[in-house]
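After this come two complexes, each holding subunit A, first together with subunit B and then together with subunit C.
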Partner chain A sequence: MTEYFLHIAIISALHIILALSLNLIIGYCGQVSLGHAAFYGLGAYTSALAAIHWQASFFLTLPLAGVVAALFGLGLGIPTLRLRDDYLAIVTLGFGIIVDLILLNLEVTGGPDGLVRIPPPQLAGVDFRNKFMYLLLVALVVAFTLGLIYRLVHSRHGRALKAIRDHEMTARVMGINAAAYKISIFTLAAGLAGLAGALYAHYITFINPESFGLHTSILVLTMVVLGGMGSILGSVVGAGVLTILPELFRRFADYQDLAYGAMLIALLIWRPQGLLGTGKISQKFSLAKNRAKKGN
Partner chain B sequence: MFLEIDQLSKSFGGLQALDRVSFQVQMGAIQALIGPNGAGKTTCFNLISGVLPPSAGSIRLLGREISGLPPHQIARLGLARTFQNIQLFGGMTVLENVLVGQHIHLHGNLLATLLNLPAIRRQERRSIAYVRELLDFVGLADKESWSADSLAYGEQRRLEIARALALQPRLLLLDEPAAGMNPRETEDLMALIASIQERDITVLLIEHDMNLVMNISKSIVVFDQGRVIAQGPPRAIRQNPQVIEAYLGKEEDADDV
Partner chain C sequence: MLLQQILNGLTAGSVYALIALGYTMIYGILGLINFAQGEIYMAGAFATVLLLSAYKVNFFVAFLFGMGVAAVLGLILERLAFRPLRGSHPLVPLISAIGASIFLQSLALLLFGPADRAFPLQFEFAALDIAGVTVSTLQVAIFVTALFFMALLVVFVKYTKFGKAIMATALDQDTARLMGINVDRMIALTFLIGSALSGAAGIMMAIYYNTTYPRMGLLPGLKAFSAAVLGGVGNIPGAIVGGLLLGVAENLGAGYLSSGYKDAVAFAILIIVLLVRPKGLLGGRGH
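== the complex of A and B ==
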């Protein structure tokens, strides 16, 4: 039973990293991304392949996974972050599907079967097959992510991001290079998702494309919206709740996507700021504001 | 010359919003752009601040060509502006709004920020102290922790001015700062603009309140249908027949009605 709880804690922690990083893009920068799981997958596959083919240590493949995912984020961000929000949503959605298809069809990624026998991390005799030790490792990365995001959003860079979210053109008139900020944040968020991917791969020791598809992107998005866009604690709570709840309702697994969709819609109608959002933060995405706009 | 606008044109599809507009602004002056609605004044501001690219012509700030530069670069060259329809960062506090204006004066890359180095903390403290002075200057000192969109209308206008001043600009563009203000608020605003000039900031403003314009501007440029039809000191503008015609229409027109 303890094993089971530890497992849930580890998965929750991974989801927290994913939700926090996506929240940077959506909640702080005001950009829509529907393909976040692709970066999670890229990180997982990068780390797993490096470990399997080069016998590289996990403590090298982990940062490598972050860097590779970040580079993909940069490559996707440069041409697309100039687009308007709704187009950006479509492009990131498409990117997620493309990555999923590539992972499914390449030989090196093992196609639909994925990769097996991914070695667990090894460091100075610590046995990371012990779930408790692994949880500590993941918790360390969560702490790193939390610290990084906390510092970021409470600095002049965080203010610049919020300014871009609230009024992009006005932010630019204030001397903020909006395009550079959006691309940097997208890259950073992709890198963090890549780290989570590596942690996932070496924990489960077996990965296939199924874990990194649209389903996961939507799940993470739901966590961010549920917790509250632009709230750090919100992402933590959102990730926790949406990892634990499905465990309690295992019998209804088939209806999970339906439930997430319904939850998203319900939230956007009745509580667009999420559980812990401050209310003003997600105006950009709220229906009420769009209505007001049309009224003008 | 401080600001030189030369043969500046802007068309939106078939509509010629600005047609070969030329005028100059002297350093340290308060100068006004006036004219009927749709005359191209705000378009002119948008071109100067880089919000829109011009179709033709040149804009030189202190001898440097700025037309076509992105707005964030123009801001770094010393230009700040406010908007006709107030554009505050609604999700942020009054203090934070003004701090955004300090962005270009704060340094430190991402790493230094993430490590929260002492230099960064010092800089942030200095910046906050400076912003508080500005809030005091515009009379919003007691509302720094309010959310920007909970302020009253006149206060929002003043907050926008404080935010623009936080850029420590050399040229400040004010787009209808007195719009929607009552006579007392307008009175305060006039005093505020005069004290901005005392900070060695050149002010170019668009305004419909003729009392305000005639009182504080050294020079006035009159727009009509995308062209400049007159420029000069307030007294000359007041008596210029073309200006009177643009504002009041021709006498024959009046007879037709």
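== the complex of A and C ==
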């Protein structure tokens, strides 16, 4: 039983990294990525392949996974983020489909069967096959992510990002390079998702493209919206809730996507700030709604 | 060979153009990408296939029924997922549309199962031989039908009162309202028309590929969006040109490069257009 709880805790922690990084894109760029699972998958495959073919240490493949995912993020961000708000969603959706296609068709990625026997991390005397030790490792990366995002959001750059989010035109007039900021944030978020992917691959030890499809992207998106767009703590809570709930309602597994879809719409209509959000995205919404109620 | 690929491309392209029209019209009037467009396409195909396999009805009745179901679904969507969110941060309706898309897709999966369904009617299509190129009458029928719908739409938008009201609403909602146009009704009408066209596209593809399944809307939806961007988002002739060009490019890519990357061609075009000419070939209202 302890093993099971530890497993849930590890998966929750991975989801927290994913939700936090997606929340950066949503809450601080005002954009949606539907390819977050693709970056997660890129990280997982990068790290697994490096470990299998080069016997590289996990502590080298982990940053490598982050860098590779970030580079793909940069490649997608440059053509897309300089443009209109909603292009990123559809471009990342397409990117997710292409990554899925490539993972399924390449020989080196093992096609639909994926990769097996991915070695667990090794570090002088510590056995990471022990779930508790692995949880500690994941918790370390979660702490790193949380710290990084917290510091970022509360820095000069964080204030610039908020300015862009709240009023891009004004921010640009003040000399803030909005496009560069958005591209950097998107790249960072993709890299963080890559880190989560590497942690996942070496924990589960076998991966296939199924784990990194649209379903996962939507799951992470629902976590962010449920927790509250733009709220750091919200993403942590949202990820926790949406990891534990499906475990409790295993019998209704077939209805998962249906529930996520309905939940997204319902939340946005009745509680756009999610559980804990306070961001401008929801504020603007309530302002508009109040105006509508007054018969404007 | 070249001519053959171009003709095949025009068939698929005319269908992409129909879906792209839906994207472009809704974008033009709401400034919003309706992510669920592909699912409306799927719903139209399913409605026709299910009706034809359950009852012995005339094909044209079933075709209109499919378009009708798609149109009603579009209206419901507008009412439930978009109207309550109007005036909010653009991110909000976008996520809502994504929610609607995933909801409809999984609903179809639960109701109809994951299996492919063949089209219940068998048509007798002849293969025509024109200057060494074989074209089936089915391809001709699809192309002609799609062109017919496009012409109908262009005439509607240009020459009828409702069409002009839609254009006015797309240009400036507040001014349109001052002129006595019921903006809510025009937005609903746009969803109705765009969805009906997507439904028709779905039915034609269900016949062409002889398969109907819950996720059938995903790729055509993405490709039609690329087509809309290629032509210029918000631009009606642009969507038609973009759709046809995309269909041809995709088939040429499949024929001359590798058939495995056929689906990637549309995506590559989307990225290139965004990099080189983001307002599209004919100039959209996106920027």
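Everything below uses one rule, namely that the second predicted complex is superposed on the first by the 279 of 296 C-alpha atoms of A that agree within 3 Å, B and C clash if a C-alpha of one lies under 4 Å from a C-alpha of the other, contacts with A are read in each partner's own complex, and residues count from 1 in each chain.
Basically, a contact is a pair of C-beta atoms (placed from the backbone, for glycine too) under 8 Å apart; a residue touches a chain by one contact, two chains touch by 3 or more.
Predicted model only: the values in this text are computed from it and were never measured.
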item: Subunit B versus subunit C as contact partner of A:257, first or second or both or neither; value: second
item: Touching partner for A:148 - first (subunit B), second (subunit C), both, neither; value: first
item: Subunit B versus subunit C as contact partner of A:268, first or second or both or neither; value: second
item: Which superposed partner A:175 touches (first subunit B, second subunit C, both, neither); value: first
item: In the superposition, subunit B vs subunit C on subunit A residues touched; value: C
item: Contacts of A:121 with subunit B and subunit C, given as first, second, both or neither; value: neither
item: Touching partner for A:166 - first (subunit B), second (subunit C), both, neither; value: first
item: Which of subunit B and subunit C A:156 touches, first, second, both or neither; value: first
item: Touching partner for A:73 - first (subunit B), second (subunit C), both, neither; value: neither
item: Touching both subunit C and subunit B, counted on subunit A across the two superposed complexes; value: 280-281
item: Residues of subunit A that touch subunit C when the two form their complex; value: 26, 30-32, 34, 79-80, 83-87, 89-91, 93-95, 97-98, 101, 105, 214, 218, 221, 225, 229, 254-258, 260-265, 268-269, 272, 280-282, 284-285, 288-289, 291-292
item: Contacting residues of subunit C [partner subunit A, same complex]; value: 32-33, 35, 80-81, 84-96, 98-107, 109-110, 218-219, 222, 225-226, 229, 260, 263-264, 266-267, 270-271, 274-275, 278, 286-287
item: Residues of subunit A that touch subunit B when the two form their complex; value: 147-148, 151-152, 155-157, 159-160, 162-163, 165-167, 169-178, 184, 230, 278, 280-281, 283
item: Partner subunit A, residues of subunit B touching it in the complex; value: 49-51, 70-72, 75-76, 80-81, 83, 87-92, 96, 99-104, 106, 108, 110, 113-116, 120, 124, 127, 147, 149, 163, 167
